[in-house]
Amino acid sequence: MIPLLRGHPRLLVGAGISLLLALAGLVSLVWTPYPIEQVVVAERFLGSGPQHWLGTDHLGRDMLSLIMSGTLTSFLVAGLAAGIGIGIGVPMGLAAALWGGWVEWLVLRVSDLTFAFPAVIVAILIATLVGPGESNAIFAIGIFNIPVFARVARGGALTLVGQDYVAAARLAGRNRIAIAWLHLLPNIGSLIIVQGTIQLSLGILAEAGLSYIGLGTQPPATSLGLMLRDAQSLFLIHPWLSIVPGLAIVVIVIALNMAGDGLRDALDPRLRRQELGHVAG
Amino acid sequence: MTLYIARRFLGFLATLLIAAAIIFVLLDLLPGDPARFILGINASDASVAALRTQMGLDAPALSRFLSWVWGVARGDFGLSSTQRAPVSELIWERMAVTLPLTLFAMVVSMLVGLPMGIIAAMRRGKAADTTLMVMAQTGVAVPNFWFGMLLTLIFAVGLRWLPTGGFTPWDEDAGAALRAMVLPGMALALPQAAILARVMRTALVDVAEQDFIRTARAKGLTRDQALWRHGVRNALLPVLTILGLQFAFLIAGTIIVENVFYLPGLGRLIFTAISERDLVLVRGATLVLVVVVSATMLLVDLGYALVDPRLRRESGR
Amino acid sequence: MTFSKSLAMGVAALVLSAGTALAQSTEIRIGVALEPPALDPTAGAAEAIDIVVYQNVFEGLTRIDQTGAVQPDLAESWAVSDDGLTYTFKLHDGVTFHDGSTFDADDVKFTFDRILADDSVNAQKALYAPISTVSVIDPLTVEMTLSRPDGLFLFNLGRGDAVIVAPESAETNATQPIGTGPFAFVQWNRGSRVMLERYEPYWGEKPALTKATYVFISDTATMTNALLAGDIDGTNNFAAEALPVFENNPQFKVLVGSTEGETILATNNKKSPFDNLKVRQAMAHALNRQEIIDGATYGYGVPIGTHFAPHHPYYLDLTDTYPFDPEAAKALLAEAGYPDGFSATLKLPPVAYARLSGQIIASEFAKVGIKLELINMEWAQWLEDVLTNKDFDLTIVSHVEPFDIGIYADPNYYFGYDNPEVQALNEQLNATIDDAERKTLAQKIETIIAKDAVNGYLFELAQTGVWNAKLEGMWQNAPIEGVVLRDIHWAE
Amino acid sequence: MSLVDIKDLRISFGQVPAVDGVSLAIDHGDRFGLIGESGSGKSLTALALAGLLPEGARVDGQILFDGQPLPANEAALARLRGRRIGMVFQEPMTALNPLMRVGDQIEESVALTRGDASAGAIVQLLQEVGLDPSHGRRYPHQLSGGQRQRVMIAIALAGEPDLMIADEPTSALDVITQRTVIDLIDTVCARRGMTLLFISHDIKVVAALCDHIAVMQQGTIVEKGTTEAVLNSPRDGYTRALLAASKIPRRRAAVITAGASVLDVENLSRVYRHGMWGRSVKLRAVDDVSFSLSKGECVALVGPSGCGKTTLARMLVGLDAPSSGTVTLDGEPVSPAKMRPITRAKMSLVFQDPFSSFDPRMTVERSVAEPLHLLRALSATEKAARVREAVEAVGLDVAVLERYPHEFSGGQRQRLAIARALVTRPSLVVLDEPVSALDVSIRGEVLALLAGLQEEYHLTYLLISHDLDLVAAVADRAMVMEAGRIVESGRPDDLFARPRHPMTRALADARLPNPA
């Protein structure tokens, strides 16, 4: 991996910041400066100071702890949603590329269907079925990720299905599933990772959107989106309360996108050369 | 070509039918009884039951689904239980806000995003490229309800150029209605413009390496002329697919922006209708939304075939 | 704090310098958080309906004034028989509905027959159950006989649920409200606004305003901007957390008043461990009312010790029955057999005061060992779980119906309190007319339900209105649901 | 004073010099050939002359065009390119704008140089390059490779250039189209008296067209001179090796054990259907083909591109299912669906493009061992032994097994492909254009390897190729295919000496004379 990083500053910076923030989130599982459920109304709206580096929120909770655990929830929601997208979308895409015909027609219709249901509508429907919460946001955003990964996987696989080594594998008696697992998946892996970082950043924004209309993470848990919503009405009185989570979201999303772009450049040349192949001369 | 259209249209209809079934089943499972919601805390169980039968909520599910679908085919979405008005009328009222808003946002995002992408690609690696792409990166990263708030504070509260929100119907005062579109439209357009700029740039950079660009330069065109005359049109193909997806993002985004600018849009209609358990209204509105998004994607696919002659003759996938 | 203060001032200054748009002297635009599902107050319980139409579009035989007292309205005067069972109402002459049809005794009979019918969808049907007959003596006289004396009868006739409707327009009132009030309905752009205009041939004293528009804005930050930008002239109930923006702003005036909303930590008395009195007493000791008020409503709200509105003459201050004392709470829990506490669920409806106080209470209870799991719900789901199925441990809700202590006499009401002594006292209270006697009875009930700690009595929901400084005539308190436009006018 | 005068040209990317001190001069009306293998820098030199080098290339030395140095600013350089130089590139499939009608692309070139873009000019250009005016309305994807290359030439001629640069214009075409395009360039340059710079890795093509030749190796010119001088008395060692490699050694006639037929094909055909129910168009890719191969034989399948030889090959190895007819190997049926692994292990296919026949993410060992998946009976150690044996049989060191495909040259990869084909010890090996993607110098080694393996393991080869010299040298028997049917078969020397079927005659006529 190291040569990969050296050549691409954007990847280094992007991945670095994202990992750092994700780490801060993970730490919050074990330790946060103050427990986030601890409400001390008397100490609310404190500016940044020795005890509370980032001050306190409208319920007196420590902002730094909230940001840490909020970052964790945002990453968790976006990560699992991307996981759903990959887990279901990629096999669909590969099946579409390998079997073609009505399988492909079905996969395309299913992805049209999932696109047609904007994530927010799905979130609203599920929220009323199961009740709002992280799991609801994960599921709603996850559904929206499925067609994205299906398209990427199908696109990538289509260019590879025509390659001779796939024909050679069929000649060696490999069935379609073995070919998908042994030959197609490893070769579209980098495409999936790059798309993964992008969907991760979109997932964090989507979670913020869902929290804004009250369907994402629910108190006492917190997420960056929820913090932003709670602070929105106090914008003119305590702007600090919405600037901190807002900036956190912007920094994470930019970092993830930079990591995604850097990864695409780092992996792309190798991907492009072997993909096209070229005749001597 | 007709084969291509026929296959895609068939797919479109199939998607709608399945979508209708999913919407119906999902909503039927919703907990919470619409009648209880209307009559509130102290109403007696008897009057709640009376209202339920009045609204026909006790008939078997399948017959309700079939009658609903048959009604929708005839344009009759049924009567909204909470608002006693035909659902189609309610939806049309709200569509008069959501559709123009989404189109306004699409146009703005194209006018801003595409040129940004083209210039960045033309000046690849130079200062203009990096600055534009940094702007695009931040544009994507800012949550649109936060950006909406900022826009309101500056242009509505501060400078008083535009209203903070609300909507006067088109027939009453088209000027005011248009002004009510500007800020929400901008808030919606920003992230989409940023995405468009990035996609356009990548597409144009890829196209610039194609052989036919080198042929164009060999004909006597400079690098920029070759890119402009031959590159841009070819780069529009991948951009076109993103436009189809963006419409789905935009429709979803409007629900959030409608809250920030208190617009009577389709999204909020669905949102309030669900919390009031107005199943008939939710079903109709969600289906309309699904139809609009699918129709756009169908149009984009057909547009794709129009732009790319290679798809025209064979039966495309 | 300094940075934020200056920002708020800065924005306010901006507003000043931009010069307030010259508000039309006889028009008003009022911001409201919730849009009504429909506009017929006799066929729906939502408070949002009354806010738009009560005493503006529709009128009842009597009406409730700013102090909560009963005033004559369509009924000019009335006579009550000695046994309190027969009421004869003298109706105003020359009154017309907005569609021009005349108002007379037949309309009154139609209205109450409709409320009492079997298939009636009136939300408060139970309140009017005592009415046995409604008979038309002559076009301007109506006689009603009760099955039993009812101390609140005249008050209940003044509620939104009992406004007089005409047979011709009753069915379409939900979308085309036709009443006798000073303002006629113009149009309703769903999701956006409702427009009313002055009804010129109004029988009573003509209001100052000629045009009133209710604008529906659910987001607090947006409401703040709309007020600052002058897109709306005021709002009857503004989120407390954002008040500082307007408190020291000469452009605006903040009206702080009380409502009939007793905010309680409703406890499921039929479910263990809440059926154990000691557990309920422990919980009462664990509640720090002042911290909840500061945190949830930013200090606006009056602590209450029982289920009664403080501004009401019958109110008894019982807040010190179980003062805030975590140690006592722990001791009581130990006595009750829960030395290391227990865990329970707290179901919260989608309103700010409930969601915020829920988090504060969870934190307070955690200190005495009671571990609460917060479950946030939509209204419809809350109604079904808590109201219909009684499937809950604890919940937080504000009962905004006026004078509703009677719910503690109903054993199958959602918090499941069954005390024969209270049921008897309540029976007696309803049957007495004499004010002094009613006061002592009411206070007896208040004391018992306080001692029994049936629910955690938190605070009386305050009403914090924000209006343009030049507006006058708005109600300070909210003894009944509604925003009455009758007395509102621009200062100059 | 020469038209083109390049003095000490140096082109480098970063520190790596791709062209290192090239000097050459081309006089007016001269036909100059530039020969070299891939990576020799010949294309870069041409691109530098036209100012079309990719970004990031550092150029030193001097290029004079008609006595003047190439203008620095882009606009002036573009005008010069348009008016004075015409270029034709190698890959016809991607050289034209897919979204524009070819007529419009020609018109753009005419308008740029002569100002008026009259319809007549375009029709005249189309006819000059042997295309029908109606082709002008078509899109690139509606034309064959050969037709597209003609459009490219029309575009190059539009500006009536003084110099025509042709960079490998025919290497992507099949032999018949190749010959027609070469003849076209020859007549056009003669008629217009244009100077020609022709770049190729194929000596026969350059010899047929050019008066002067320069040979490039690793970025430098190793030999320059008239065509006769360079071909008949090459001074430089590399040139001599190149010339020797282009003559394919004749193989000894195979000893055929009579009667034992390995593969039997009866009335095989494959039909593709286009369009919806009613108006479907039937395309008969393979039309009622029957033949059989006996053990140890090397049979060639020859024909122009699009004649169905690859479709036939895929059916023979059971990759595609035939519409009708049967294929049997040693008596066992062959078809993608019902075919026992043992039968499949008895045959294998070597692909044309060495770069796309190996999974980049798999080590050489796993790729070569993959066909052993068919022989479940073998134990792991037996399989490992087989893999080593196969790799050594193709003359490679066992150490290659741990490395990845992208670390090998084209020639080495083709050897590994052959090793993979042998690992299951098949009786029939189908070779689909095995050497056409390789540099001339390596072709000889690979062919020699194939011949050796055939003898050692009594393999039967079915060789698919459009290179008649290769077929004549290597194959015992050749079958000529046209539009899905086998039109003629027999010993290659007899076929090409006395062709009976018009297609065989066309193939024979398209052969370029062997230099010296």
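Annotations
Just so it is clear, A, B, C and D label the chains in written order, and each chain counts residues from 1 on its own.
Criterion: contacts are C-beta pairs under 8 Å (C-beta built on N, C-alpha and C of every residue); 3 or more make two chains touch, one makes a residue touch a chain.
Please read these numbers as outputs of a predicted model, since none were measured by experiment.
The chains touching chain B as well as chain D are A.
Inter-chain contacts peak for the pair B-C, counting C-beta pairs in contact. For chain D, the chain whose average C-alpha position is most distant is C.
Chain A and chain C have CA centres that are 45 Å apart. Chain B has its Cα centroid 22 Å from the Cα centroid of chain A. For this pair, chain B with chain C, the centres built from the Cα atoms lie 39 Å apart. Counting partner chains per residue, chain B has residues 31-32, 149, 153, 259, 274-275 touching two or more of them.
Listed for chain C are residues 11, 219, 221, 350, 378, 380-381, each touching two or more other chains. Shared interface positions of chain A, i.e. residues touching 2 or more other chains, are given as 128, 232, 235. By the definition of touch given earlier, these chain pairs are in contact: A-B, A-C, A-D, B-C, B-D.
In the complex of the two chains, the chain A residues touching chain D come out as 163-165, 167-174, 182-183, 186-187, 189, 270, 273-274, 277-281. Interface residues of chain B, counted against chain C in their complex, comprise 31-34, 36-47, 50-51, 54, 82-85, 90, 93-94, 97, 149, 152-153, 156-160, 163-167, 169, 259-265, 268-269, 272, 274-278. Only residues 11-12, 14-15, 18-19, 22, 26-27, 29-32, 137-138, 140-146, 149, 153, 191, 245, 248-249, 251-253, 255-256, 259, 267, 270-271, 274-275, 286, 289-290, 293-294, 297, 317 of chain B touch chain A when the two sit together in their complex. Across the complex, chain A meets chain B through its residues 104-105, 108-109, 112-113, 115-121, 124-125, 128-129, 148, 201, 205, 208-209, 212-213, 225, 228, 232, 235, 242, 246, 249-251, 253-254, 257-258. Listing the residues of chain C that touch chain B in their complex gives 11, 14-15, 18, 21, 35, 37-38, 43-46, 118-126, 174-175, 189-193, 215-219, 221-222, 225-226, 228-231, 350, 378-381, 383-385, 387-388, 399, 401.
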